[in-house]
Structure formats: C-alpha cells, structure tokens
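Next come the structures, one after another.
Below, chain A partners chain B and then partners chain C, in two separate complexes.
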Partner chain A sequence: MKPLAAFLVTFVVALVLSGVTAARTHTFQSANCNTAAAQPTANLTRDWSQTYSLAAAREGYQWGGGCWNNNDIDEAPYDPPGQYTGGEGGDCSGLTFKTWQESSNTGDSWHYYWHRLRNVHGPYTASAFKSGSGAPNGTIYKPYAGVMDGFASDWHVGMIFFRGSGGWDQVIEAKCEACGTDIFSESYRSQSAYGGVRRIGWTG
Partner chain B sequence: MVELGRHAFGATRSANARVVEAHWGSGIAEVGLSGGRTSARMGPSSFDVAPDGSVTLLDEINHRVQRWRDGTVGTTLSVDVPEAADDMALGPDRSIYVLDGRSSGGSTPLLRTFAPDGTLRDARHIAERTWAQLGVGPRGPVVQQAPSEQWMPAKDGTAPLDRVEQARGGKPGRPLADGSQLIVLRAGIGEVRLARVVNGAVRQSWWIVSATALGEVQLAQRSGNRIVLVVKAYTERQDEFQVLVLDGRGAVKQFSVASSEWADAAPLAHFRLVGSSLYQLGSAPEGAFVDRYDLEGAR
Partner chain C sequence: MLAAVACGSGEHAAMGRALPGLPRRAVIDRVRVFRLALPAKGSIGRCLRLTMLREGRVLLVERSGVVTRSLTIARIGSQQVFGCDKTGASFEGHEWCGASAGILRNGRLPDPRLDILCVDRRGRHVAAAWVNPLPRARWVGVDQGSYTELYPTAVGLPVRIASTRGVEYNGARATFFVTQYGARAHVLSRGRLVAQVAG
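Right, the complex of A and B next:
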C-alpha cells in the first residue's frame, strides 16, 4: 500500500502543479494574439487613427503590451503594475505606436497597419515620444496640437481625441492598470511635464 | 474685456494657510501614490471643503476618504472606489459623491453616493461615455459629461436620475443657485469667454484675453455678485494658475499660484471655492497638500 499511496500523492501533486503552470502560461496574449507582419499602407489619416484607437478603448492596460480585441471587456484585469504578464491591452506608448501606424525600424517613417490582435509594442517609450525620437515622430507647439497629435511626459503619452470647450482635452490613452484604456478628460496640454508630440506624414 | 497681457511666471502668491499636508504612504495622515515609472502617476484625485473649513480628501489609492481639520486627520472612512482619477464632491448634507475615473467596459462611468459615515447609498451610471467635472448644483450633483460637454443633473434631490433623465436635463452651463447658468468657453490660444445666462438671455459676460497661452479653466464659480475664475497659463516649459475675481467692471483681483501638479488628480479637481476662500489641491515629490487662499484683501 505504501508505494501506491506515495504514487497517488505524487500524481495528485503533479496534476495540481501542471494545472497551475497551464493557467499561468495560458494568457490573453498566448490565446489570442499573433505575430503577423505589418502591412504597408499608402494612407495615414487622423480620422482613421481615431477609429483604430477607439477599438482599444475599454480593453484594459498591459505594461509592455500591444494586443487587444474589441469587445469592451478587459480579459486580464488587475495585472501587477509595471510587469508584462501577457494580459490584454497596450501600454501608453504601445497604443500610440500602433495608432500612428509606425515601423519597428526607427529609421523608417512609412505607415504600417498593425492588426489590433498583432502583439507588438514598438521601439518607443513615452520619453522617446516626448523627445520626438525616430523618423516618424516629431514635436509640436502645444497650443497648436490637434486631433491625433499627442502629449508625452517621461512616463506617459496619450493622443488627443478632441479638444474640450473648457481648455481641457479628451485624450485616448492606455493610462494605468487600474484605469484601463479609454478616452479621458485631461489637462496634459498645460502641464509643463508634458510636451506636444506628433506623427509626421499625415495624409489627411 | 479683460486684457491679461503676457503672464509673468515666478510671481506667485503665498497661501494663507496649508490646511492639509500628507506624505505619500498608507498610514494615518498619509495619502496613496501609484504609477509614475511606467504609467500615469496618481495621487489623491479630488477633494472638497465644507462650509466650516474642514477638508475631505479622496485617497482612492488607499480606498478611503480622510476628513482633515486644523491640519490633522479627524476621521477616516473606507470607501470602495477605483484606483483612478475619480472626482469627488460633498453635498450640503455631507453626502460624498464619487465619480468613477476608470475605463468603464460595456457601460458608462458610475457615480457613487456615500452617506457621511461612508456607507454606500447608491451607484448609478452617468448618461454619457465620459466626463470632465463633478459639481453640486441646487438640486444635487451635476456632471459635465462628454462628448456633449453639457452639465447634467445626476440626482433630483436625493432621487437618482437614470441616463435618459440626466440627458433630458442637460444644459450648456453649470447651474447656479439662483437658477442661472455659467457658460465657459476657452477659445483660441489665449481667450476665455464667460457668460451668466438667465432665462435664455446673457445677463453678464466677460472676454478675457491673454498674450500667454491659456489651458484649462479649473474653476468658474459665483461668489456673491462676483465670479471667481481659475485658468492655467502655460508655455512649453512653465505653467501656473491665474486667479481672477471678476465683477461688472472687469477683474477686481488677480494673482497667480504655483501649479504643483507633480502627481495627477482628476483633471478639473484642483480648486474649490468656499465662501471667500479658494482651496488648492497640489502635490510634490514629498506628498500632497491643500492650501487656502483668502480672496478678501488679495491684490
């Protein structure tokens, strides 16, 4: 009986541990996202980018991430902040990179369509956007920043969805794990920690 | 017309008193801080002040509300609110209204009403997708909702209004106690247009022009026969709040205060006007604070 009992205990423990491991490795990203190549596209319009970014709204926030569906549910809520755990959503710079249809090659300023389920973050941090790093990116005098231009600090970046009548902006942004990704009213335009940023090469 | 000229940065007025001073943390008399390195940095997201001068601070990171009086915490109430840029306002009966600042999957943000002891009374969705500001009107809480940008009543007295009723009650201006509305438009790069509208007609109006870029209007509120306006002046590297006290002749008082926005709060929750005192919620690397500026006797 002793060897049989030992076997059963070991078997049950192994079964439990394998279940835990499977649960850990089966993330939103592994279950839903892909590595398809970006598609070059001739057009880069502000209204198209608004529509594209809107699909990411209400889909959660994932630090270092860049993959989401479009069902208005965060499939991986309450991830630990500042860690990549394969959850749903982009982070602030990942959302900006995909919405602005940029290349993973920082020297390439052409426009590339990334499907929302293509898991890609891109090479830029919020701070890099702030300084206008990379061929597709630049800065803009903040009072002139308009729809789908953005505001970036050393830790965050968001894009203008529309200007509010009271001097604030409606900004689409992947804000934080607890906040999620959505359109929020913000006063980044007037904060000295934030600079105006823009995608170079809009075609409309 | 009120011409402000070019804003002189660095000539800010000192506060009359610092009524709240809290270091970052989760202990008594501390307030929570989140994010910063990899995402938006969030401190206490909103506050309000009772007529007796006591300050209620929303410490949403620690899921609590603190009541401060004479520089110390008197009461701490646990409240179930998201760790986001929630706005907060106090009702005349000291009810605590908290408006959800997180993404609201599948619906619209929630307005929660807590009793003065922190008990949740009700939670209702606002009419529209998002919002800019929470206030209290003559009949209860009002929310400037977006994308319409209308001020909508969230309650009629103590009765919560559903989304259709809120939208039906929407107005372009913030409702004032006498039934008039205060309409704010931040036009161009450096203009603010203000109008007090009574029964559909403009009763008073102001056109404020600055040679320095102006940002968001943080506060536009009636105080007696005057209007107190707080608006941000900014350049690429500097920003300060400008405080104007307006009457029928123009600006009768004017001064600047430091922006003190080291951590984020709800976007238009940095100032509250109670009587003739203006209160500012600010933050710095050490912690958060509330300063009081007395408007009587100011330049």
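Right, the complex of A and C next:
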C-alpha cells in the first residue's frame, strides 16, 4: 500500500503543478492565434478595409500584437503597458499593417489578406509609417487625407474611419491598453506632430 | 591579460585597449557625444528630418560600430529620445534605414524600440534596439557569434545596439544576448533581450 500511496501523492502533485504551469503559459495568442500564410488578393478597397478594421474595435490592445477575434470583448484586459504578453488585439502599427493588407516584405506593395486571428504585426512602427517606409506606404498632404488614409506621429498611427470637420476626424486606432481599439474622435489632422500617411494601390 | 581585437574596418570599430575580464574576441565601438543646435545639416540633418525634432538643442550620441552606425538623440529638457540607424546599404534610397522614437520613464526606456527595416550589404536583416545601461555600466556587450561587440555607455542614455543574429523578421522580433560590464570589465548583468516591433 505504501508505494501506491506515494505514487498517488506524486501523481496528484504533478497534476497540480502541470495545471499551474499551463495556466501561466496560456495566453490569448497561444490559445487562439495561428501562423497561416497571407493570401494575395486582387482587390484593396477602402470600404473593405473599413469593415476589416471594425472587427478589431472593442477587442483590446496588445503592444506589439496583431491577433484578435470579433466578439467585442477584450479577452486579455489589463496587460502591462509597453510589454508584449500575448494578449488580444493589435497595437497601432499592427492594426494598420493588417488593415492595409501589407506584405512583411517591405519591397512588396501587393495586397495580402491576413485573417484577424493570424498573429502578425509587420515590420513597421508608427515612426516608419510616418516616413512612408516600405513599398506599400506613402505620405499624403493632410488636407487631402480621406477614408482609410491615416495620420502618423513618431509614437502613434491611426486610420480615418469618417472624415470630420474643423480638424477633427473619426479615427479607428489601437490606442492604448487602457483605452483599447475603437473609433475615436481625434484632432490628428491639425496636430503638427502628425503627418498624413496612405496605403499605395487602392483599387476602389 | 586579454586584448580586445578589431574586427571590421578601422572606420567602424576602434581597436580595444587591453581590458582584463572582457571577452577574448571583442570589438569596442567608437562613440562621440556632442550638443547641437537645430536645424542641422548633412547626415545628421537627414536623420533629424525622420523625427519630429525641428528646433531647439539636442544631445547627440553617435556610435560607429561593426553592424551599424547609429545616432541617439535626446531633446534637452525632454524625455523624448530618437534614433537613426544605417548599415551602409541604403533603404529606398535613404541613407538612414531605420528611425525610432521612445519616451524615457525615470531615465529608462520601457521598450527597446526594435527596428528591423535595415539590411546589411550582404542582404541580411539587421535588428537595432536600445538597451538601458545599468548605473555603473561602462560597456554593453552584444554577442555577434564569432566576437562580442562592445558599446561604450555615454551620458546615461540608452545604448543603441544592432545585430544580424537572432532576427526573426517574419515574427517582427529579435533576440540579443547582452552582457553589461563595469569599469573594471567585470560583469554586471548577462541575459537575453527579446524585443518586438511595436507601437
């Protein structure tokens, strides 16, 4: 009986410890996201990109992230700001990269569909978008910036969902861990720190 | 007594002095610190045009290393830090292939501000990031495989490092093996820095 009791105790302890380990390593990203290849698409339209970006709204924010579902719940709230912890949501540049259907190859300007659960951020920071880095990206004179063009600073990038007036726009953006991803009223158009940015190659 | 050896051209890396405690094959980068009134011209001006800095005075740390030449720029009286990287291979016709920005919190950057847009002359992806130096750190060493690149710390600002090793380009991530050394070349810390393109 004694060896059996020792075995059972050891077994239960191992079971508990494996559960603890699993709970520590289980993240939204590891449980839900995939690494599927991007699919080349013939079209890149502004209204399609609006719809695509809207799925990311109310799904949370993840620094360095690029994976979300579409249930309007942040499954990984209260992530530490400025750290990648595998939570749900994109960050500002990750959301822009996926919405603009870009390639990871900076020399490739073609359009690629990334499923929302495909965990990809892309090689660009907000600062890189601001300077129009990469073949798919360019800059635009801010008064000409329209739907699904964007505004970028050294720290942040967002896309115009509805054009407003008086220097204000409705901007879809992954804003911060506390504020999440959503459509916000922003005055980026009138702020000198922000430049106009655009996806090159819209087909409609 | 171990000697640091030069690797690469003298233009990029200075021959190290005899430094007991430092890795056997080490390259010590050249660093230059100066203050500058904006606007600036030339190469520095082209870097600054990639940032929001247009006027005022800045503190500038210029590093010439084996993998990259970099600028770390701090606006005097501000917590904002900017950086530019170049490898000698231009990116879309631009001399500076990478530009980064960060905000210091209590003198430290909470995120390394990884940039992976640069490639070297052999077409390899180059990852560049900032490391917060420990208070008594004199050098930040980066494992480059066959040698260790030593970046001297300067004026307490984050140290811009770069490597072609550990770059996961498609994952927008890079892993650096970093060792910080004190003035007597003793190890203050050693570890992995995993950085993610973000923000």
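As a convention for this text, the second predicted complex is superposed on the first by the 181 of 204 C-alpha atoms of A that agree within 3 Å, B and C clash if a C-alpha of one lies under 4 Å from a C-alpha of the other, contacts with A are read in each partner's own complex, and residues count from 1 in each chain.
By our rule, a residue touches a chain if its C-beta (ideal position, glycine included) is under 8 Å from a C-beta of that chain, and two chains touch if they have at least 3 such contacts.
Fair warning: this is a prediction, and the values are worked out from it, not measured in the lab.
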State whether A:S104 touches chain B only (first), chain C only (second), both chains, or neither. second
What is the contact status of A:A128 with respect to chain B (first) and chain C (second): first, second, both, or neither? second
Which partner does A:W155 contact after superposing on A: first (chain B), second (chain C), both, neither? both
Per the overlay, which chain contacts more chain A residues, chain B or chain C? B
Contact-wise, after the overlay, does A:A178 reach chain B, chain C, both or neither (first, second, both, neither)? first
Examine A:W63 and indicate which partner it touches, taking first as chain B and second as chain C; both and neither are also allowed. both
Looking at the overlay, does A:S165 come into contact with chain B only (first), chain C only (second), both, or neither? first
Scan A:I73 for contacts with chain B and chain C and give back first, second, both or neither. first
Looking at the overlay, what does A:Y84 touch: chain B (first), chain C (second), both, or neither? second
Which chain A residues lie in the overlap of the chain B contact set and the chain C contact set? 63, 81-82, 91-92, 155-156, 193
Touching residues of chain B toward chain A in the complex: what are they? 34-42, 82-85, 101-106, 129-133, 144, 146-147, 149, 184-186, 189, 192, 213-217, 231-232, 234-239, 259, 261, 267-268
Enumerate the contact residues on chain A facing chain B in the complex. 57-61, 63, 72-74, 81-82, 91-92, 141-143, 155-156, 162, 164-168, 170, 173-187, 189-193, 195-196
Spell out the part of chain C that touches chain A in their complex, as residue ranges. 50-52, 80, 82, 91-92, 99-101, 103, 110-111, 113, 115-117, 169-170, 172, 196-199
Touching chain C in the complex, chain A uses residues 63-64, 81-84, 91-94, 104, 106, 120-128, 131, 133-135, 153-156, 193
